[in-house]
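There are two complexes below, and they share subunit A, which is joined by subunit B in the first and by subunit C in the second.
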Partner chain A sequence: MAESKELLHDQYANILRAYLEEQSEQGLYYAQQFSKRVLEEQISPEEVVSLHLEVLEEFFPELPKGAHESFELLLEVMMGYGLAYREHQSLRDKTKELEAEINVAANMQQTFLPDEIPHVNGLDVGVLSVPASKMSGDYYHFVKDDHDCVGLAIADIIGKGIPAALCMSMIKYTMDSYPEQRLQPGALLENVNRVVEQNIASNMFITMMYGSYDSRSHQFNYAGAGHEPGFYYKAAEDTFEELHAKGIVLGIKRNTNYKEYQLTVDPGDFVVLLSDGVTECRTDDGFIEREAITRLIRTYQHLPAQEIVNHVFYELERAQGFQLRDDFTLIILRRNV
Partner chain B sequence: MSIQSSVEVQTEWGIVSARQAGRNLAKEIGFGGVDQARITTAISELARNIYLYAEKGEIVIEAVEETRGAQKKKGIKITAKDRGPGIKNIREVMEDGYTTSGGLGAGLPGVRRLMDDFDVDSVMEEGTTITAIKWLR
Partner chain C sequence: MNLSTEVIEKADKKKILRVAGEVDAYTAPELKANLNPLTEEEGVEVIVDLTDVSYIDSTGLGIFIGALKSAENHGATLRLTGLNERVKRLFTITGLDEVITIDDENTEEAK
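Moving on to the complex of A and B:
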């Protein structure tokens, strides 16, 4: 410490001497470099003032009257900056710590999401979930049973960030604890609703859609709890329909029934599930239309499901200037044969 | 060294007297210019707290010595005592950015950083005692 102070003293003395001899831009550049150096060494402003006075008095032992005293006054004035500087340092360290903690939490949250997409013959699945900040309030879930039936869930916790993320773990554990109901969307939502209603604050809500696809009968059964409607693409007619499901948001009413809907999926048909982060993309012209999303899907429809969702996300992200305002989750499930 | 001075803080004059007493003693002990300014700033902050929140109190300034083996070190100790309302949540006021000063780095966290040792003791409705020491290096 003392050694590095001596070093700084010598450096500053050289810079000042050179500048006093010739007032060149180069000399000022060295001073700028020196200021970076003192910041690196976490030297506070009052110490710099004191260093300047020290060096000045070495150069000119006979300073004019009042010069020394004026620096004492300046030093006192700089004390406030010194205090603010130290506070800034400590707040910066704290921010780093918090950030590290949030990164750990965000990594942990990732483990709540399935790490691979189920492989079922004749079925093409694509999924992309991107949080607006580090923690996500969107949740999705896949499960495949021995008969090649696939269950998929998408949920959106109203709100963002850490509270939403904490809530998400509850949904995950609830889903994991009802294995036998996995393939009955209505009953599953009723169970999740009961847990959510009992466990979260009355000002938090969760919307969810759950569907199951039976690859033997090609039936898609689904139910929804106030969730953003998805789309159903009918290949034979080349049209998109709303995948709407009536049902109250999770966590409001204890005993709620969720109506189950059924669709027969023909080859080339696909189901699109999404979170409101997809439909509520905001560009400079306002919210984008739902048709804009189906138009985008159409553009990339010839590609595999995963590439469709990747492209749709990229286009929407671009339209918003690469700044997400809400968590984004998009799932496509297509019957190929 | 048994120099000790005690300054009543009721007005802004009291704050100035406490600073003066602190600077004189700091100089005498052998602190350099920067450290003198730090010590007086700490005294200022503590005295202002008394002036603003407790109305009446005192600042005691004394020279201290500590012997550890063959090493002897000298320092200056500031004690701020008041019989004000007390601090409700000490941890909160010790946090950066809490202050009523609007995040100018001052307040108790600022004092703690300016000095080496720092201690707060506060009892609600009875008052607060803050001690802070800076050692001569």
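Moving on to the complex of A and C:
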């Protein structure tokens, strides 16, 4: 340490001597390099001032009266800077640490979400889920049984960021604890609600929609727990209907029954499930209307489901100046044949 | 994104909280800090006037649910009034209108 101090001293003496002889651009460049080096070595501002005084007094042993004292005053002033600088340094280190931890958590959270979309003959599925920040409060889930029945869930945990992400693990493990065979949507929500109600803080809740599609009978059964309504596109009439399932959000009332709804899905029909990050997209002109979303879907309707959701996301992200305010999840399930 | 709140005591056991602005993840803590203490007195009737609230997000809903539970625990009541269409829709979709009392029209007291 003492050695490096000496080195710095000599280096600074050389830079200053050269600059005093000739005030060149080159001299200023060396000064900049020196400042990088003291930053790297975490040398405080008052130490630099003190170094300057030391060298100056070596060059000019007879400093004018008051010069030395004036440096003492400057040193005192720089002390405050030094403290602030050290605080900044330690905060920067802490931020780095926290960021690394959040990255680990965000990676872990990714493993909660299905890594692939189930392939079912005659069914075209598209999914996109994008968090507003690193951690997401949106959850989705797919399960396929041996009879080509697909169960799909979409859930939105109140709030966003880390608290929401922590809650998501509860939903994930609850869903995973059910046997492979398909649960009826209403019964499934009732079960999940019981777990959530017992394990969630009083000001938190989760909205969820669960649907199951039987590719033999082309029935889509679904139930909802206060979730943002999706859409149902009826090909024969070329219309979008609201896909709403009445029911209170999960985590509020212990014994709740969730009504089950049924649709017969004809060729070309599709189901759109979404989180409120899609419908609460806010642009400079205010919130977008739900009709704007169906219009967007209509524009890309001729494409495969995955491309529709990708395009809708891009358009809505652009409308918000590429700054998502809320987690965004969009799922399309279309019967092809 | 601002929020302002004002407490009006109408009678000994009736308190009105007038809220104005937007209730979202950033302003929710402020609403909570102003609303929850009102619900912690036995027998008090708390009315939250949302006439000047343009927007509530799910975090905001959570604050009302928390306040409702607090009111129930302390033997107080909570009622919401003056909801605009957008805010009302949120309570309807989430089914929370089943558990929270919401006035159809502004009550006279809150005006």
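Structural remarks
Here is the rule we use: the second predicted complex is superposed on the first by the 297 of 337 C-alpha atoms of A that agree within 3 Å, B and C clash if a C-alpha of one lies under 4 Å from a C-alpha of the other, contacts with A are read in each partner's own complex, and residues count from 1 in each chain.
Note that in this section a residue touches a chain if its C-beta (ideal position, glycine included) is under 8 Å from a C-beta of that chain, and two chains touch if they have at least 3 such contacts.
Note that the coordinates shown come from a computational prediction; the quantities given were computed from them, not determined experimentally.
With subunit A as the common reference, subunit B sits beside subunit C without any clash.
When the two complexes are overlaid, the chain among subunit B and subunit C that reaches more residues of subunit A is C. When the two structures are aligned on the shared chain, A:Lys246 is found in touch with subunit C, with no touch to subunit B.
Of the two partner chains, neither subunit B nor subunit C is touched by A:Val195.
Within the superposed three-chain model, A:Glu76 lies in touch with subunit B and out of touch with subunit C [touch as defined at top]. Contacts of A:Glu280 after superposition on the shared chain: subunit C is touched, whereas subunit B is not.
In the superposition on chain A, contact of A:Ile308 is made with neither subunit B nor subunit C.
Residue contacts after overlaying the shared chain place A:Ile293 against neither subunit B nor subunit C. By the touch criterion stated above, A:Leu330 is placed in contact with neither subunit B nor subunit C. Following the chain A superposition, subunit B and subunit C show a smallest Cα-Cα distance of 21 angstrom. Of all residues in subunit C, those touching subunit A in their complex are 25, 32, 57-59, 61-63, 65-66, 69-70, 86, 93-96, 98-99. Interface of subunit A with subunit B (complex): residues 46-47, 50, 53, 72, 75-76, 79-80, 82-88, 90-91, 94. Residues 32-34, 37-38, 40-41, 96-97, 103-106, 109-110, 113-114 of subunit B touch subunit A in their complex. Here subunit A touches subunit C in the complex through residues 156, 158-160, 202-205, 207, 225-229, 244, 246-249, 252-253, 276, 280, 287, 326, going by the rule given at the top.
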